[in-house]
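There are structures below to look over.
You will see subunit A twice below: alongside subunit B first, and alongside subunit C after that.
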Partner chain A sequence: MVDLTPYRAILRSRIRAQLQYRTSFVTDILGTVGVGLTELAEVWVIFHNVDVLGGLDFTAALLVFALSNICFSIADMVVGHLDQLPTYIRAGTIDAFYVRPLPLLAQFMSSEISLRRIGRLTVAIIVLAIALARAEIAWDTATVVLLILSVLSGTAIFSALFTAAGGLQFFVVDGAEFTNAFTYGGSYAAQQPQRVFPDPLRIFWTFVVPTAFVAYLPAVAILDLPGNVLAPTWLAWCTPLAAVFAWVVAGSCWRAGTRRYQGAGG
Partner chain B sequence: MTVTRADIAPTPIIETQDLVRDFRRGARRTRAVDHMTFAIQPGEAVGYIGANGAGKSTTIKMLTGILKPTSGRARTCGLDPMRQRIEVARQVGVVFGQRSQLWWDLPLHESFTILAAIHRLDPAEAQARTARLVDQLEMGPQLDTPVRSLSLGQRMRAEIAAALLHSPRLLILDEPTIGLDVLSKQRLREFLVEERRQRGTTLLLTTHDMGDIERLCDRVLVVDRGRLAFDGTLQGLAATVGAERLLVIDLAVPTPPLEGVQRARLVDSESDGLRQRLAFDATQTTAAAVLADVSRRAEVRDLTIEEPNIEDVVRRIYATSRGS
Partner chain C sequence: MRTFALLVRAGFRRHSTYRLALLAGMTTNSVFGLIRASVLVAAVTAAGTQIGGYDAPKVLAFVWWGQALLGAVNLWGFQEVGDRVRTGDIAIDFLRPLNPQLTYLAGDLGRAGINLILRGAPALLIGALLYDLAAPPGLDSWVLGLVSVVIAVVVAFAASFIVNLLAFWVIEVRGIRLVWMITSGFLCGLYVPIPWFPDWLRTLAQWTPFPAMLQNPLDILSGRVDGGAIWMTLAGQLAWGAVLIVVGQVVLHRGRRRLEVQGG
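Up next is the complex of A and B:
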């Protein structure tokens, strides 16, 4: 069993540091609530004009929005700082990590936690409740399991994207713009009914950067909508596999990155 | 059972063998560390000096697993820092003078709590150790101060306490006294001497301050362009380059040149002997002894002591080693 005491101690201190300045903390939370609401407004505007988009109606789109936002907010809260790696490199914090007796990735992950993302997460959870209430879902054990599995795996997928982005930052210092395409771009892609994308893009967001697994595929299965060639309903059950795949890639990126740092010296 | 050499000789706490490290900046390739071979035994206190860019920090980074050697071998506490970084980190404390390992936005005591958890110290043991370090380094009043508000001297003492919290066998200090005032330097040195006396901690430090070397180290390594230019005792270093201190004495009345002061050498005498300069080797005598001898002969009005400049010492070593 891994002893988590060190990480708990670090995270507790990070949380205390953020709660020190109440006003700025509350402002930050309101800021992320704003981000969540803005993105929600986009969905609402679209469905104000059309009834169905990419095979999804408004309720289904809300479900996709909620699932992807829940997963992204949690991942962003816990490991979103990984793509800030160049800052750590410049400040020399990274060298301090090397001389502590803990794995580097675990230290980086626990080095910060962005509590303010709770705002966006809350918006997403409320939207999830609304979507589930509006939809006529034939609830059974399988549906519940699928929902829980999707949130866990989706969060793992986004966390893997941030980790991969962190690993790539070792190669392209100031490459945040490039890696943002995968993290924030992936989050945007995950919110869309996948059928609005041309096939090559759908394949990319399903089998290369597997964000289609985060929300679209589970939503289609939970709502029992008809599947199609690129998105058969059973594929939703492969979400954990997509997460494993994402983490294998992320782990390799991270290892390559830290090796590169030891090789080049930042 | 056969007794091997390894059973008798202690394992060096630091050992390098033909250690090489190259850096590539674009198409250019520079060699920061060039076939460095040396060993440091447990309990030694070693000063590691050289000009900026001579390869000091690069060596330290290879010894702690931050940088991978281009070729050659580095062993710290008998371990390979690249493969066994975590095990090395348990036995070594490191302070990078310019880079903090503390949590800048939190009260100082929290950094100690977190580091104790990171090193998985037993809470009671951690508390006792922290209390001792805080007491010895006189940091009690700063415990509730956020690290970012500490003065440079306070922060450096905090960094050293943090590096010693897990009672490492080896303490590596990279420029620990840079930018500190005389008093802060002195307190820090006194603490390090005491810590080593009590626990026998091995010390490796880089510095630009000859005072650090004289008061803390019994051995000096001088590195020049990545190569070892000198490895020996402080006395040996002084003998090689004449790292003497200068006592500048202002006398009450014109006095003939002060020849023959015990273990001191007259450098010059000006204004009819109102001001005279005496050079002495700090390993052979003390300023007080020289002054006492002078006072027997003339009335001293004022005095200053000029420390040997480490840059001069290094330059002279370089001249010697490059010339040969």
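Up next is the complex of A and C:
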């Protein structure tokens, strides 16, 4: 059995640290609430001009928005700080992580937890409640299971993207922004009704960077909307498989990156 | 004037060192461009032929010019000056025989130039190759559109400079910067064109300097605003630029009197 005490101690200290400066903490939370609200406003402005976008009405679009935002904010809270890797690599402070007798990835994941993302998460949860209340859903066990399954798998998919991005940072350092294309870009793509994309892009966001599984495919199944070739309703149940696939890729990226690192000579 | 030009060049060269970062930025801008283009075109198609004066080719031009200008116009603001105020380094800027605001403006124009060339132009090219973008309708749209881009850079700089100077009074400006970043992205028309907003929100946006930072040049370059209306748009932008530069000078002057640097 793995001893989790060191991780717990680090996380507790990180949380305590963030709660020390109350004003800063509250400001930061309000900030992420604001980020969530502007993203929501984007959807709302579009639906102010159209009734249906890519086969989804406003309620369905809210469901897609909510699911993808819930998954993304949890992933961002837990592993989003992998973004900071280039700073550690450049400063050489990453060496300290290598010499500790704990797995690297586990150390990094537990080295920080950004509580402020709770703001954006709250916005997403409220939107989810509104969307589920407005939609006509034939509730049964399968729907509930699918909902829970997709939140878990969706979070795993976004975490995998952050981890893959982290692994690639060892190769690109100065080009850290490259990976934003599929972490933040992936999150942006996940909130969209996938039918707006031309087929090559849809295939990309479903089978290469599997963000369509995070929100769109589950939402189509939950609302029992007619599926289509690239999004049959049963595909929603493959969301855990997509998460596994994303983690296999992420694991290889991470291993390739960390093995390549040769130290900063500190 | 010569000093100003030299400083612009220095800013240009300083930021041209990070070529890989520019390429990375270009890639990310292009990916967001692909997503946004798909969404907005789908919206225009769903609504019929156009929304708020944007048909499909115009909205595509809006998206790709927007992604191209993203690196040049500093929409999210910067923090260098605020940090210097907090640490007291700003005192060194005051000792120099140049106005700090103009010094930083010159550096920012240089930064914008290299970003426009190495980060913006390739993104625009990708957009133009993949999609049927509306070209600026005439030579005047090209020329005045680019003038508008330069003014947009100045407006964004001048506004963010003021936000940074607030550090003279509140020390930690992170909260204010955060609010700034959130509102600017939305009200400048980066995500959705401002003409698509509901009336009240559009009116609200038009009373802020944000549209002058992005929406205005995009209107001219996409051809949504044409003919004499271009001059009106430019005049509005220039007014914001002038107001913000002057306010920046006043705030700088007041802040200087307040500044107290500890130690030797």
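The criterion applied here is as follows: the second predicted complex is superposed on the first by the 260 of 266 C-alpha atoms of A that agree within 3 Å, B and C clash if a C-alpha of one lies under 4 Å from a C-alpha of the other, contacts with A are read in each partner's own complex, and residues count from 1 in each chain.
Assume contacts are C-beta pairs under 8 Å (C-beta built on N, C-alpha and C of every residue); 3 or more make two chains touch, one makes a residue touch a chain.
Quantities reported herein were computed from a predicted structural model and do not represent experimental measurements.
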| item | value |
| --- | --- |
| Which superposed partner A:A176 touches (first subunit B, second subunit C, both, neither) | second |
| Partner chain(s) touched by A:G34 [first = subunit B, second = subunit C, both, neither] | second |
| Larger contact residue set on subunit A - subunit B or subunit C | C |
| Touching partner for A:Q262 - first (subunit B), second (subunit C), both, neither | first |
| Which superposed partner A:P6 touches (first subunit B, second subunit C, both, neither) | first |
| Touching partner for A:Y98 - first (subunit B), second (subunit C), both, neither | first |
| Contacts of A:L67 with subunit B and subunit C, given as first, second, both or neither | neither |
| Touched partner set for A:V220, first subunit B, second subunit C, both or neither | neither |
| Where subunit A meets both subunit C and subunit B, residue numbers | none |
| Contact set on subunit A toward subunit C in their complex | 24, 27-28, 30-31, 34-35, 38, 41-42, 45-46, 48-54, 172, 174-178, 180-182, 184-185, 188-189, 192-193, 195-198, 201 |
| Subunit B partner contacts - residues on subunit A that touch it in the complex | 3, 5-6, 8-10, 13, 16-17, 20, 91-93, 95-96, 98-103, 259, 262-265 |
| Residue numbers on subunit C that touch subunit A, as the complex places them | 18, 20-21, 23-25, 27-28, 30-32, 34-35, 38-43, 46-47, 51-52, 172, 174-175, 178-179, 182-183, 185-186, 191-192, 196-198, 201 |
| Complex interface listing, subunit B residues touching subunit A | 23-24, 58, 61, 64-68, 82, 85-87, 89-90, 92, 94, 96, 98-101, 103, 105-106, 110, 113-114, 117-120 |
